[in-house]
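After this come two complexes, each holding subunit A, first together with subunit B and then together with subunit C.
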Partner chain A sequence: MNILRYPLIKSLLKNRWPQFTIMVVALAGFLVAILSGLFGTPVGSRNFGIVFVWIAWWALLMLVAVPFLGRGWCSICPIPAPGEWLQRGNLLGPDDINHRDHGENKKKNSVFSVRSVVKPHNRRWPNRFRNIWLQNGTFLLVALFSTVILTQPKVTAIVLAAFLFVAVGASLVFERRAFCRYLCPVGGFIGLYSQLAPVEVRVVDTAVCKAHTEKTCYTGSADGYGCPWDVFPPGMVKNTYCGTCMECLRTCPHDNIAINIRSFGADLSVERVRKMDEAYKAFIMLGAAAVYSTVLLGPWGTLKLAAYSVGSLPWLAYAASFLTLILLALPGLFWLMIWTGIQLSGSALPTKKLFIAQSYALVPLGLSAWVAFSLSFVFANFSYVLAALSDPFGWGWNLIGTAGIGWTPWLTSLTPFLQVGVLLGGFLWAAITSRKIASENTINTLAMKLSAPVIIFCLTFTLILMGLLVA
Partner chain B sequence: MKRIVVSWAVLGAAALLVAFAPLPQSARAPTERLFRVEAGDFAYSPAVLHVNPGDEVTIQLVSTDVVHGLYVDGYDLRMSADPGQSATLTFTADQPGSFRLRCSVTCGALHPFMTGKLQVGSNFLLWRGVGLAFLALFGLLFFRQPSPNTDH
Partner chain C sequence: MKETFARIFAVVLILGGTFTIGFAWWFGRLDSITLHARMPEAGGWMPGDLTIAINQPLRLRLTSDDVMHGFAIGQSGQPAVDVKPGEIADITLNFDQPGTYTFYCTRWCGANHWRMRGTITVTGDAPEQTVTPPLYAQLGLDIDAPREAETVSEEQPSALRGRKLFDQLSITNLPTYLSPDYYRSHSPEQAWQDLRDDPELGSYSDQQLWNAVAYIWGSNTTPEALSIARELYAQNCAACHGESGGGDGVFSGEQVNIQDEAGGMSSGHQIVSPADFTNPEQILSAAPALLQGKIIRGGMGTGMPMWGVIFTEDQTWALVSYLYTFQFEEVPK
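Our next item is the complex of A and B:
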């Protein structure tokens, strides 16, 4: 179902102001997070930076935005905004909008022109890095230090400022949103899990695009910019790299863009765009969820201290174990499952192809693991949000009268039930996906044998996580 | 077709049974249990407390470094202990299951992740979850009809 059939939704999405306004508010929040991290209290649970980023934003992202809206967050993310404004030389639409306008409108829009500030280079992103391997690397880099980042306001502030700095730099050197597409550690996993979302931006009729020689959705026009995510909308078959920025909706002169409500996980059955970098992203996310559940939520203080003592021998051991598990053990074990499946089914398909294809079954498994992990601490610590709103820097302010609210855990009796439900749902979804993928190129009777070891792998992971989270 | 419907009905009934069937708790007579729990370095020691349903549990919290707290999920009970001091909390473990213990007083960087566990009787939620997972596996491997595909 195309929700753009509803005029109100269409005009809200086509209009730049709602998106711009939310982005500016988010950017203000982002800057307050950086400032409170740098100059506010070092007590994490009383600091806006820690509380808003790692509790409020994280809850919104993992429990709502990613599962239901895919890359919905990316469409309003403040991190690339300043760089993009500088790159475009404008805060709102293209300059051509100014040229077409008359009278007062022209004056109004020209206020938003920032063309004279800098001159972007608009270089093409290097071909060899046109994948998400760099994003896999940046995520692992953040993940290795996450125990410190999550708990130290100053470190959170430095990391957020670094994101902003790199995003601005990437926008000034490279064309479009190079940071979001190839570098952002968060964008990488949002893209992976956006395949599961029940919403997609797609072309209505590719024949219309074929006849449209200007391809304004990619090149841009007076009405909007060419796809900032460097995606060619008529060729788009999955959500992974679509930032849902709505530029194609603005630039298509034929009203040929749709926002469809669809079944959950529809992209997982798209056969022709499966890649090893995305497969590895699935392993990284799966492994990281298990490691965090063990280290952060488990009762083992020694592990927590090892993960926290960056640079020490215990931390080096932790980092080595973390990387070995994620980059070698999990993929290695999965490869063994694929090999076993091939032996059982007698499939003639290459092991590598099956390895990549079947790894997409880990996408719903990984998301359910992250949701279950997040449930453990998000509700228990959400009351900190109210206090931090009133006193973002921990300086004794009481802006909205909620600074005195003490720590009050919410829904802790219900959380384990939700976690078990989510994990079971994730396992079922992963197993069904594995079975479907196996059926793509194999006769049905053999598909079951081919996918059985992968399903066992998913079951084992689910039980381990269940043990870590609710045992 | 009829066979498929019957198979799914049996599987559904089995799932409901695993999820909701009442399970017998330990028949042991309730006793008084005393635990001395040391809190320090963002961990509790012992980190896991095992009791039987109905036991009268007393936790003596001793802080070995800074002020620490202890909150029991599900029971909504809390206490705190100053450095070198101890505090005591007594309650009847009348809810079976596994409950997270959390530090309730900001104690340092890793405070939100300072956790322990109170295990009251068997963790039926976990066993039900495991049972449902195996039931799902059984259904997927033996009951689920294959998707339409291409025969190569």
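Our next item is the complex of A and C:
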């Protein structure tokens, strides 16, 4: 169902003001998070930066935005905004007709024109890095230091400021949203899990696009910019790289863009665009969920201390174990499952191809793991949000009268049941996906044998995570 | 036009917001001092030294940057204030006497909790005051000299039984033995020896005389003083000396020599285990004046803090009398 059939929704999404307003407000909040981290109380539970980024935003992202809206967050994310404004020379939208080259010929007569100060280079992103390997790397880099980042406001502020700095730099050197597409550690996994979302941006009729010689959805027009995510909308078959920024909706002169409500996980059955970098992203996210559940929520003090003592020998051992588990052990074990499946089914398909294809079964498993992990602390700690709203810096303010609210865990008796439900649901979804993927090039009777080891892998992981989170 | 409006909107919201926050921060600092509490390893009180003129209100905004701390000013009747992580506690202090006041942490925040102190210097003119040296100094006691009781009681001396004994007696020196001067300047062992050497008490057993010593010690304190001392001990001493006085408090094994740890010059003293008040050889050889000295001066690098700037004289004597309750049964009410 195309929700753009409703004029109100369509006008709201096509109009730049709602999106721009939310982005500016989010950017203001983002700057407050940085300022509170740098100048506010170093007590994480009372600091806006920690509370809003790692509890409120994380809850919104993992429990609502990603599962239901895919890359919905990316459409209003404030991090790329300043860079993009500098790149475009405008905050709101194109104001002349020379926009096919994404801003090289912007007008130069405005007294406010940032172009008089900054001149973007608009270089193309290097071909060899046109994948998400760098995003895999940036996520791992953040993950290795996560115990410190998540608990120390100053470190959180530095990381957020670094995101902003790199995003601005990328926008000034490269064309479009290079940071979001190729560098953002968050964007990488949002893209992976956006395949599960029940919403998609697609063209209505590709034949219309073929006849449209200007391809304004990619090149831009006076009504909007060419796809900031460097995606060619008519060729888009899955959500992974669509930032849902709505520029194509604005630039398409034929009203040929749709926002469809669809079944959950529809992209997982798209066979032709499966890649090793995305497969590895699935392993990284799966492994990171297990490691976080062990280190951050588990009762092992020595492990916590090792993860926290950045630079020490125990931390190096922790980092080495973390990377080994995620980059070698998990994929290695999964490869073994694929090999076993091939032996059982007698499939003639290449192991590598099956490895990549079956790893997409880990996408629902991974998202359920992250949802279950997030549930364990989001409700328990959400009361901190109310106190931080009143006193974001811990300076003794009481802006909305909630500064005195103490820590009150919510729904903690319900959380384990929700977690078990989510994990079991994720496992079933993964098992069904594995079975479907196995059936793509194999007859039904053999498909079961091909996917059985993968299903056992998923079940084992689910039980381990259930043990870590609930038992 | 729309673009200009968008720019104004963004600038007002972002720069205006930042400016407002900066202004609020500056404005909040105008009439107060924010005193940050951190575990001593992370800096302790920040700032650690404050100066204020006499009779000028000192508004403090207390906040903890790590764990729960407490704020109190030594030798004052002001109740302690909890300093919670990330929260602000506002207090206003008034000093009508010049001098140097010590503020300190009242919560066991870590192994070096007792090092967490700061000073408030109150400036102004005041009549010169004469300072009386503490009793241990007047008596010329060497409070660091090794000591160990040679004679100890076989059973725990009972003040109650000692009282019964004294009630039956009409000896010449009884008022002397019971006097505060005698009590404060003699160790229990010395007192027992005096009683043993008293010809009028020759027929009494050693244990009966230890009971008499317990009574002398008990009669020089009150249940009220012991109650205050019990609270002071639990708050300030038990972390190292243990709740039961056995020298086995939670931080007893965690004291470190800060100079050595920092790689600098050593004080020449070494951290020693906290005194065991349940050990009769240690406590029965110590006169109250000596324990008073230990408390007010501290252990000079041994790990025992100096409490002279924290406790009042009455509190110190109350604490001293409480320490003997680990040896003697309490005075009967």
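Observations on the model:
Rule of thumb we're sticking to: the second predicted complex is superposed on the first by the 452 of 471 C-alpha atoms of A that agree within 3 Å, B and C clash if a C-alpha of one lies under 4 Å from a C-alpha of the other, contacts with A are read in each partner's own complex, and residues count from 1 in each chain.
Definition applied: a contact is a pair of C-beta atoms (placed from the backbone, for glycine too) under 8 Å apart; a residue touches a chain by one contact, two chains touch by 3 or more.
Since the structure is predicted, the reported quantities are computational estimates derived from the model, not experimental observations.
Of the two partner chains placed by the overlay, only subunit B lies in contact with A:296; subunit C stays clear of it.
In the superposition on chain A, A:43 makes contact with both subunit B and subunit C.
Looking at the shared chain after the overlay, A:440 reaches subunit B, while subunit C stays out of its contact range. The wider contact with subunit A, measured as residues touched, comes from B rather than the other of subunit B and subunit C.
Once the two complexes are laid over each other on the shared chain, residue contacts for A:92 go to subunit C alone; subunit B is not touched. By the touch criterion stated above, A:71 is placed in contact with neither subunit B nor subunit C. By the document's definition of touching, of the two partners only subunit C reaches A:28; subunit B does not.
When both complexes are overlaid on chain A, the residue A:147 reaches subunit B alone and has no touch with subunit C. When the two complexes are laid over each other on chain A, subunit A has residues 43, 45-46 in contact with both subunit B and subunit C. Across the complex, subunit C meets subunit A through its residues 2-4, 6-7, 9-10, 13-14, 17-18, 21, 24-25, 28, 34, 61, 63-66, 85-88, 90. Partner subunit A is touched in their complex by these residues of subunit B: 41-45, 47-48, 71, 73-74, 76, 97-98, 100, 102, 104, 106, 109-117, 123, 125-126, 128-130, 132-134, 136-137, 140-141, 144, 146-152.
Contact residues of subunit A toward subunit C in the complex are 20-21, 24-25, 27-28, 31-32, 35, 39, 41-43, 45-47, 90-93, 95, 110, 112, 391, 393-397, 403. By the touch rule above, subunit A contacts subunit B in their complex via residues 43-46, 147-148, 151-152, 296-302, 304-305, 308, 376-377, 380-381, 407, 409, 412-413, 415-417, 420, 423-424, 427-428, 431-432, 435-436, 439-445, 447-448, 452, 455-456, 459, 462-463, 466-467, 470-471.
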